[in-house]
Every structure is written in C-alpha cells, then in structure tokens.
Amino acid sequence: MMTTEIRLCVPLTTVGLRREEDVEDLGGADVHVSVRMLERGPASIESHVDEVLAVPDLLRIGMEAQAQGVDAMIVDCMGDPGVEAARELLDIPVFGPAQVAMHIAGMLGHRFCVVTVLERLHPLIEDLARRYGVDSIMARPRSVEIPVLEIDNDPDQLVGSFIQKAAAAVRDDEVDVIVFGCTGFYGMTEKIEQGLADMGLAGVPVIDPIPVSVEVVAGLLRQGICHSKHGFQTPPQKDRPGFELGN
Amino acid sequence: MMTTEIRLCVPLTTVGLRREEDVEDLGGADVHVSVRMLERGPASIESHVDEVLAVPDLLRIGMEAQAQGVDAMIVDCMGDPGVEAARELLDIPVFGPAQVAMHIAGMLGHRFCVVTVLERLHPLIEDLARRYGVDSIMARPRSVEIPVLEIDNDPDQLVGSFIQKAAAAVRDDEVDVIVFGCTGFYGMTEKIEQGLADMGLAGVPVIDPIPVSVEVVAGLLRQGICHSKHGFQTPPQKDRPGFELGN
Amino acid sequence: MMTTEIRLCVPLTTVGLRREEDVEDLGGADVHVSVRMLERGPASIESHVDEVLAVPDLLRIGMEAQAQGVDAMIVDCMGDPGVEAARELLDIPVFGPAQVAMHIAGMLGHRFCVVTVLERLHPLIEDLARRYGVDSIMARPRSVEIPVLEIDNDPDQLVGSFIQKAAAAVRDDEVDVIVFGCTGFYGMTEKIEQGLADMGLAGVPVIDPIPVSVEVVAGLLRQGICHSKHGFQTPPQKDRPGFELGN
Amino acid sequence: MMTTEIRLCVPLTTVGLRREEDVEDLGGADVHVSVRMLERGPASIESHVDEVLAVPDLLRIGMEAQAQGVDAMIVDCMGDPGVEAARELLDIPVFGPAQVAMHIAGMLGHRFCVVTVLERLHPLIEDLARRYGVDSIMARPRSVEIPVLEIDNDPDQLVGSFIQKAAAAVRDDEVDVIVFGCTGFYGMTEKIEQGLADMGLAGVPVIDPIPVSVEVVAGLLRQGICHSKHGFQTPPQKDRPGFELGN
Amino acid sequence: MMTTEIRLCVPLTTVGLRREEDVEDLGGADVHVSVRMLERGPASIESHVDEVLAVPDLLRIGMEAQAQGVDAMIVDCMGDPGVEAARELLDIPVFGPAQVAMHIAGMLGHRFCVVTVLERLHPLIEDLARRYGVDSIMARPRSVEIPVLEIDNDPDQLVGSFIQKAAAAVRDDEVDVIVFGCTGFYGMTEKIEQGLADMGLAGVPVIDPIPVSVEVVAGLLRQGICHSKHGFQTPPQKDRPGFELGN
Amino acid sequence: MMTTEIRLCVPLTTVGLRREEDVEDLGGADVHVSVRMLERGPASIESHVDEVLAVPDLLRIGMEAQAQGVDAMIVDCMGDPGVEAARELLDIPVFGPAQVAMHIAGMLGHRFCVVTVLERLHPLIEDLARRYGVDSIMARPRSVEIPVLEIDNDPDQLVGSFIQKAAAAVRDDEVDVIVFGCTGFYGMTEKIEQGLADMGLAGVPVIDPIPVSVEVVAGLLRQGICHSKHGFQTPPQKDRPGFELGN
C-alpha cells in the first residue's frame, strides 16, 4: 500500500507545541503526517505581526516539502497564515485549518461559533469567515482569554472555560456546531462535548481543526483534487532580494 | 481492520442509474459503500415534485440502514432531498452531496460554479447555496440542457457541452472551481479538467460530488463526527397516519 | 356576483385544528374559503420529518382542488411545506403563509420578528427567510415553547407568553412588526397588540398569516396574477411508481 | 355595505397623467379609490430633485385625506417619495407602490426585475430595494429610455421596447417576475405578458404597482392592519417656519 | 495663497445651533468654512418629516452657494437630507457628513457604532448605512435619548451618557470606532475618548462628522475630485410650479 | 507653521518606481511626504507571494519612521500589504491606499470599479473589499493585463487600455466611480477622465489612491485621529527569532 505523506507546517518556533507522535497516525492507514516547525518566526501566533513574520520561513518549509515529494501541506494555525502565498508558490495541495474547519462546520449544522484563545483575534477570525464566504453562518467568535503559550498550564481550567463559552454560544446565539479557534486546543473535543451534554446541550459537534483537516486533505488526495491552481496561479518570476524562492 | 459501511441512498426508481460496483470501493481501504434505490418515487429528480415524492421512501431506507448497523448515509442527488428530515430521524450521520460539494468547493478556490442538467434547476441550486451559507462565493449556475435519463445517451456530447459551460463560467464569471450539479455526471472529472486545460484553463478542480462526499464522510466518521443532532433534533412523537417511522 | 373560492389545505391530520367556519368568510364579500385536511400525514408539523410526510397527500388535495375549479390554494402551515412542488404541479395560484406574511411584514416596518411555537423550528424559519430574500430585515425568531397540539390548552397563558416574547423582540432587537410563526395562533392579534400597548409598545402590527394570506391572494386573483409559472415550470413527465399525479 | 376609501396621491402637477375614472373601481366592490394631484411640485418625477420637491405638498394632501376620513393613502410614484414622512405624520395607513410591488414580486417567484423609464433612475430603484430588504432577490434594473411625459406618445413602441427589456431580464438574469418601474405604465400588463409568451417566455407575472397596491392595502384595511406606527412614530412637535403641519 | 471656501448648509431654522466662529477655521490654512441656515424649515431634525421639509430651502442655499463661487457644500446634519438632490442640481461637490463619517470609520477599524440623540432615528441611520454600502461593518446604533434642542442644556450629563453608550457598543458589539450620530455633538471627541480610556477602552477613535467632513472635502478639492456627476446627473428640465430652480 | 511628515513606504525593491519628487508636495502646504523603499523584498507586487515577502522589511521601515518622529505611514501598494501588522506594531497612524480609496469611492457615487494591472489580482481585490465591508458597492474588478514593471513602457497604450476597461465598467456594470487598482498608475487621472468624457461618459471621478490617501491622512492628522488602536492592539511581547521588533 502506497503511503501518502501530509506535511504539517507549524508556523512558530516554540519547540514542543506540536509533537509529531500526536498527529502522525491521523488520516487513516495509508496516510503519514510529518511535522516541521519554523527556524525563524514568532514563538506563538496571536497577532497580525506574528502571522506576517511566520510566513517567509513557512514558504521555505513548503518548498522543502515539495522537493521531498510530500503530497500536501497543512499550515498548523487557525489564522491560516501564508496559505494563499503557499498555494501560489507550490504545485502540491496546500490547506489552512480555518478554511477547512469553517466549511466542514457548514456541512454539519445551521450556524457555528469559533471559540479561540484571545478576544484580540476576533477580527482576524471574522475576516477569514468573510474571505471564505461563510460569514452568514458564523456567529460572533468567543474566547477563553488564555494566551497560546499558557494553554497547557491548567488543562482542566481551559476545558471548563471553553465549555462555558461554547454553551453561551449555543444558548445565546443558537449555534449548533463549535470550532476550535486555535490548533493548540488539540485533543479536547471529547471532554467538551461531554461538558456540553452535562449542561443539557448534547449533540453539538466540536471540530478539532487539525485532525479534521488531515482527513479532508487525505480524502481529496485520494480523489486527485488540489486547491485551484487557476485561482492561485504561480507568481511571475522576478527579483526578490533577500529571499530565495526558486521562482 | 474494521470496515466502515456508508449507505448511498439513490432517491429514484430507475434501476441501473447507480451501480454498486462503480462506487463500492470509494473512500479508502477500510470503507465499503453500499447502494439502495427507492421502491416508490420518481424515475429521476428534475423538479420539486420529484424531490418531495422521493422523500418518504428515502426515510424508510434510512431507517433500514440504521437498523442494519450502517455507519452513515449519503443521499445520491444534488438536490439533497430529504437530508434534513433524515438528519432529524436518524442517529447515524446523514449527508447530502450538494452541501458537501459546495463547502469543499469553498475550500479550494475563490468562487465556484455548479453546472447542472437543466436550467429549470437553477433556482433549486441557488436556494441550497443560500441555505448552506455559501451564496456569496457561488456564481450563477449553468446547465447542459440534457435530461437526467438521457445523460448516458451520448457521453461525448455531454462532456463537450459541459466543458463549454464550465469554460464560460471560468472566463465570464471568474470562477476557479467547478462542481457537478448532478450526481449522474459521475466519473467525468478527468475528461473535463483535460478539456478545460486544452482551452488554456488548466488548474480548475472539478468536483464529483459522490466520491468527494464519501471521502469527507469517511474522514468525519474516523474522527467520530456526526451532523449536529442539536441542530436536527429527533422529532416529537406523534401520530402520522399512513407512515411508519418508529417515532 | 361571481364568488372566488380559495382552498385552504391544512397539511396535517388532527381533525378540528382548523374549522371551516372560522375562515370561510375571510377575504371580502366575493371570496369563499374552503378547508381540506390530510388523510395521510402528521398530526401536527413541528419538524422537517413532519413537513416531508405531509407533502404527498397535500399534492393530492391540490390536484383535487384544481379539478374542482377552485381558484387558488393556500397551504395552512408556517413552514410552507409543499408550496414549491404544488406551484410546479398546479396551474392555479399556490401560496404559503410564511412567504406572504414575511413579505407583508416587509411592507409595514423596518424589521420583523417571527414568534413561533418551539425553538427547534428557528432554523426552518431562518431558512425560509433566506430563500424568500428577506433575511436582512428579519430579526432572530423567538418562541413560546408550547407544542402545536397544546396551543388551545391554556389560551391566556399562551397570549401572555407570546406578548413577553414579542415585547423582548421589539425592545432588544428593535423590530417594529410581529409575525405569528404558527398558523395555529389564529385570532390572537387583538389581544397581543393590546398587551404590547399596555407595556408601552403601541403601534406594532401583528400579522396573522392565514387571514393576511387570504386577503393578498384574493387581491392577486382580482388582478389575474398567479405565482410565476416560468419560475415553477410543470415537471417533466416520467414514471413515479407509488404516486398518481396525472403528470 | 360600508365603503372603504383609498386616496391615491399623485406627486406631480401634470393634469391628466392619472385619471380617477381609470382607478376608482380598483380593489373590489367595497373599495373606492379617489385621486389628488399636487398643486406645487414637479411636472413628473425623474430625479431626486423631483422627488424632494413633491413631498411638502404631498404631506398637505395626506393631512387633508386624514381630515376627510379617508381610510388609507397610496403615493402614486415608484420612487415612493414622501412615504416615510407621511407614515410618521399620519395615523391612517400609508403605502408606496415600490415597497408593495417589490415585496409582492418576492411572493411570486425567485427573482424579479424592475423595468423603468430611464437608466438614470436605476440607482434610486437599487436604493429602495436595499432599504426594503429585497436587494438579494432583485436583478439589476432595466429601462426603456422614454421620459415619463412621453409615455403616452407611442404606446405600441413603448410596449415593444418594454417587452424587449423584460425578455432580456428573463433570459440573461434568470428573473421570473417583472415589475413596472413607473406607475405611468398603468394598464400594460396584458400586452406585455402576451408579448413575452410570444417569445417563448410564458408564465412570467408582470406587476402593475398601483392596482396591486390598492388590492393589498384594501386587504390590510379589512384586517385592521396599519403600517407600523411604532416604527414610524409621530414626529416631536416643534417650529417649522414656512410649513403648517398641525404638528 | 488661494482660499477654498466650503459652505456648511445647516438644514434647520434655530439660530445659534451652529456658529460660524466654531467652524470657520476647519480644514487647514487655505480653507474657509462659511455657514448658512434655513429660512424655511424645521427647528431641528429628528424625523423624516423634519428632513423632507428642510430640503427645498436647502436646495435654494445650494444654488446660492454655487452662484457665489463657493467651492463645495456640506450639509450639516447626520441624516444627509437633500444630499442626493443637491448632487444632481449643483455642479460643485456636495457631501453629507453621514456618508463621509461612515466611510472614514470604515478606514479606521473593523466595526463602528453610530451613537445618536434618539432611538427613533435608528432606522434612518440603518437605512443610510445600507444605501452607502457599509451596513456589514456597522453595529446597531445606540442613542443618549436627549432631543437635539436640549443637547446644550447639560453638557456633562450628555458626555457621561454618551460615554456609557459608546462603552457598551465597544464591549458588547465589539466595535472599535465610534461615530457621532448628530452633528450637534460638535467638539465632544476629546472628553469621550478620555472617558472611554478611563474605563479601560483606550484607542477607540471618535469621529466628529463636521470637522472630518471638512477635512475630507478640502482634500478632495485639492485633488480636483467631485462627487460623481455621472451617478447624479443634472435633472431633466421641466415645470416645477412653486419652485424656482433655474433648471 | 509646523510641518506634518507622512512617510510613504513603497513595499518593493525596484529603485525608481516611486520618486519622492513626484509626491513630496501632496497634501497641502503644511504636509511633507517622504519616501522609503524596501531593502529586501519583491521587485514588484503581483501575487500573494510578493505581498508576504514585502512585509518584514516594511515593518522595519515603519519602526524607523516612528522612531524618527514621522507623523503617519502610508503603504504604497493597492494590496495594502502589512497594513494590519503595522497598525498593531506602531503607535502612529498607518493607512493602506486600497482601504482609503475604496471608502472614498463609496462617498462619491453608487458603485465603483477597481481597474488593475492583471486579472490574477482580482481575487485579492475582492478579498480586500469584503474585509473592508464595501463589497456590496464594488463591481467586479477589471484589468489592463500589463505587468507592473511594464507600466511605464508605453503610457499611451496603457491609458487607452485603461479607458476601454473603465468605460466597459461604467456601461455594463453601471459603476459611476473608477479606482486605480495599482498605485503605479499615478498621475493618469486627467487623461482617463478626459477619455471617458470623449466617449460620452463625463463626470466619472477617477481615484488616484496615493494622492487621495495623503489628503485623507493629512486631514485625519489635523483632527488628531489615528486608526483604532483598540482594534489593532499592540502584539503581546514574545520571542520572534530572526526578527527584531523591539516588541
């Protein structure tokens, strides 16, 4: 059986935030997920500044993946930094978890809410929803107000806080699907669905963007589907002093 | 290896329009796709009348699938007839190919076009896009003006006509993704992508809704994700003379 | 004076939920309203499942009405079940009270709220508003949480609960028109307008969908206006085993 | 039998453009339509300037109608000039034909087109559609390029030109309902529907705004429904030198 | 140095509500702002009735300004009364402070709130936002419930009330820009920004529409830019008994 | 007289594409415009790849400007690259010409068209319009199909081609304002307005984004208005290996 390799590009420099052993088996028996982190860029992504500084090295990692024969790349951040540039630059499929997760949420229910780390990210999430054309089925974002690098400090408190925010979205904004607004919430879906059920809100799917993105990308690869290279055409060749793109 | 069974419910009565051997291997090694057709209902679906008459027997097939331990159901028609009712009635995941394909299209590019069989279906497609929240990224539908039951009459003419319509959408409406507007177009993607490339429009993904839906549903099953039962709650028990729902 | 006959098709099987004597005189001196109920279908409509099971017999009633020379049909349910199929199948005008009432609400003020029986129907109402193109002037639905078959149990409590919900919509969502979200609320407008006035919210029109629909349809009949048969064309002839449509 | 009187206020000064004998019998046996024209104001309405200069005298006519016990007022111009101010000033129902006709069009099909006199009015029509919340179901306006005061010069040419524009909207923009964009097109529906049918476009309803508005208003009066006085509250009393409003 | 003259037309008759000495130096060293008030019209503008009665004399003032060689006109009211008519009638640039301020707000942040005098004006503000195409970035309006003619009665209370409303918009609706909903709030920005900062909401720009409009118009004049005369074409010549437009 | 300095940051590395002598006198007598170009980054901006590679050095230039006491920064590219990040990072006002020009266009007419260099940039422009909330008043973009670095090759051909595209937008999409979709079109407005007038399309304002942005920013500076620092808060401090932000 041929194995498909999906490269997860983690657009930050804090070692240990994403461990390959947590994700390598996602996507079914014939899929292998490999992980690369940035050498240059932000410790975590919590602002436009962090996003834009992550992208140059992310493009380098994308080119490396393509050169290695990797089958597709997923950017491991719910801001989808660099996805559009990478889609232009590379010939292999490139996906962002926000775009995938928001559209998957749109398949599951009537209205979804993205619950993220910090309120300061709400406008970024709303901008993504507009760009991806799903703003009419997205309720306003909510957040737990815990910085990315403190997500692992107190997991129980994080889960508890998340459940409160998700329940408020279900009750007050009548959403029926919840989406993690940070890929650092990895692995929490079961506890949150259970917590919602304990509050009388059973049956609300909670989307963990990285596993769901890997599944979707693996399925699209099996069908030979790439992102639209007509819509993200290879950039014109030109000088770009300070950067080596091979383009 | 456990096998996942996805039941494809074909909401019409013309034997032979969907052959199980064409679809049973979709979705990866651990997935099996089985097919059921209606006993009562329309020969093909080309109107609201056809859709509504397909649904009662479709619900029976859904209940049968659930009783048999099938893992998920996909309705094999781009009008998504009965999907919402089946989502209420059943506890297993239920998906419609229009909702899946439109949202997948939204992941791949900037704007998509659904190319369907008959112009009379355009309002139904536009209604679905509004309901699913993707109308802002969908261009107006186009059609080849060939009835469903004549799709197989002249495959070359069908492909040629489809390519013309798809190319017009790419050029005039600046779409970068094409979606089959009828699940009867099954298997035509390669020829159409090639035809578009021959016209200078390479890199436009063409979405075949049934294979893509099977992949997506198989992936969601691996992640334990169902449609939102909070959003599609089981209907209240009541008398429904003439119908046996076990509810 | 010629009399115009409008057939009210009640898409459920609970005898007594709509009495002809309550509605026969609506629409002016030259209009007669007759009533038919389903022989097969749900006891009440509170879900997609109920809706889809009501439609086959509703189409039979529509064909019977047309054969009897009835001038127009109105479906007596705020989910507008089967309206689009009946518009295709019949040559006489067919209307749904949700579509009529929502657009009439749009003529009267700046923003309206549909107050219905159960929260589980909110997504259906929101879907209708999107389909009919009035979602930008509709506030989120509200509900009294009383099942359809219990509407008559305690009329005072129902009116009181409705007034609370309507007042909240006027104050919190700044709506200035209220629409009944269930045709079973028939006849309650006066008490509700009075109740709102007692709370300092005079001048908010409350739309009772069936009387308003009869008036609108009677007026359109006088002007010779049918729903668009170009937009709802007669379905292609084909086999539909199990159903007799004469088409 | 009590007679209901509806006052048609023609917001211009060209005597003969609206003759009472043409409209007095609209709305059924128990309705009488009376007509008043401006003493001060534009000869016809083809601009914002014309609209704003029509309104002061229109308000005087509205106050006179109310003092005379007239039951409702309709403004006889598809720009709906002064409707919002009259709704504030008067306690009797006030309606504009654009708002009524656009929402009636929304009840009849999937998408409508307003065909008007001059292209320079397109932005005014688009603004009205946004204000009334129906812009998502209105195609772009079209026009015959004939000034209001020349409408009666060559009726056959007008009808012919209108049919061409309407047919283009049906074919190119997939509309299925046509709305007169000028109340001066009064009485032309039959010829236009016939002309469309002759071109293979049968079944497209054509809305003549004044007759349809009279029917709708008469029906609402029978149900005791006024425009929302909560949404159009009586203006605060204050000095308005140069104007006598009794308010 | 040539001086540019911008005429501020105050569309009301209460002497003293706008003093030329307060505004004459706005817009930079080479700009002079002159003020004219109505001779005929409302004492203040708080309704559609007030707006429409202000416009005829406003057009006279506009023609006078143009005849005097004034370079541009700004209407001094956040309802933008008469702006569209004046844009048609005049060849000099005409601007309304609502249109300018809403679009400037759109340049500064993600979402803005208009805080106005009276809740009864909320629908007018929402209508303007739709007309100007910025409704998707405007939160619902808020108001201090103080009539225009009482704005100067208790400035401290007004500022305090405004800060409360603005803070609620920032916190509850996540707006990041505030716009004065009445040009009578002139000169209050500093106190309000300070008050918001004292509540922990620093960095929210507060837009005072008249100074900002003068700056924008002065800048456009320096670049030779007028409103679109193609979009607001000179009205056709015709009789308009009772009005002298020279057109 | 104090002089205000506005720093124009040209986010590319081709020396000579923007000469300081062309822009230094924009914005009135008390304004000075200074220019800086990138040391590292693309030769021109025609893709997402170009945009993201321009931003790191653009942020350095922004910090330098702030340290030098410059009053505001404008990014000299219609893709507005790095504007959001710079708004977070800096305390001085930061503006992008696309956001300014689109909103100014919204003040001038009913609908605008951005005419740009290459069709491949259309999705970027549409994304910006959605992000800035003006997509409902923007027609689809058009382009002259001339690469940025060839703009100066044949100015007459460029102007001629631009006029054709602009005229098509005015006639076919009924736009009444044109916006340059590339800041490299600097200085062409007069010829284009004349060309449109020669085709019978007089009175269509053409917006040259850099001069207009300088005027708007200079005016906002005079009023003490910055972009919303509440909406673009300073990023959290953290390690960003490879980048020196002083934050």
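Each chain carries a letter (A, B, C, D, E and F) given by its place in the written order, and its residues are counted from 1.
Keep in mind that, in the parts below, a contact is a pair of C-beta atoms (placed from the backbone, for glycine too) under 8 Å apart; a residue touches a chain by one contact, two chains touch by 3 or more.
Everything numeric here is computed off the predicted structure, so don't read it as measured data.
Peer 1: For copies subunit C and subunit D, work out whether under half or over half of the interface numbers are shared, and give different or same accordingly.
Peer 2: Same, since most residue numbers here occur in both copies.
Peer 1: If you average the CA atoms of subunit B and of subunit F, how far apart do the two points sit, in angstrom?
Peer 2: 44
Peer 1: With centres defined as the mean C-alpha position, give me the subunit E-subunit F separation in Å.
Peer 2: 27
Peer 1: Two or more other chains in contact with one residue: find those residues in subunit D.
Peer 2: 110, 123, 127, 176, 231-233, in rising order.
Peer 1: Would you please name all pairs of chains that touch?
Peer 2: A-B, A-C, A-E, A-F, B-C, B-D, B-F, C-D, C-E, D-E, D-F, E-F
Peer 1: Which stretch or stretches of subunit F touch subunit B in the complex?
Peer 2: Those residues of subunit F that touch subunit B are 119, 122-123, 126-127, 140.
Peer 1: Please give the residue numbers of subunit E that touch subunit D in the complex, ascending.
Peer 2: Contact set of subunit E toward subunit D: 13, 39-44, 46-53, 55-57, 59, 82, 84-85, 87-89, 120, 123, 127, 130-131, 147, 149, 231-233, 235-236, 238-243, 245, 247.
Peer 1: Okay, in this complex, where on subunit E does subunit F touch?
Peer 2: 1, 27-30, 95, 99-100, 103-104, 106-110, 132-137, 170, 176-177, 189, 201-205, 207-208, 211-212, 215-216, 218-220, 222-233
Peer 1: For the complex, give me every residue of subunit B touching subunit F.
Peer 2: Result: residues 110, 174, 176 of subunit B touch subunit F.
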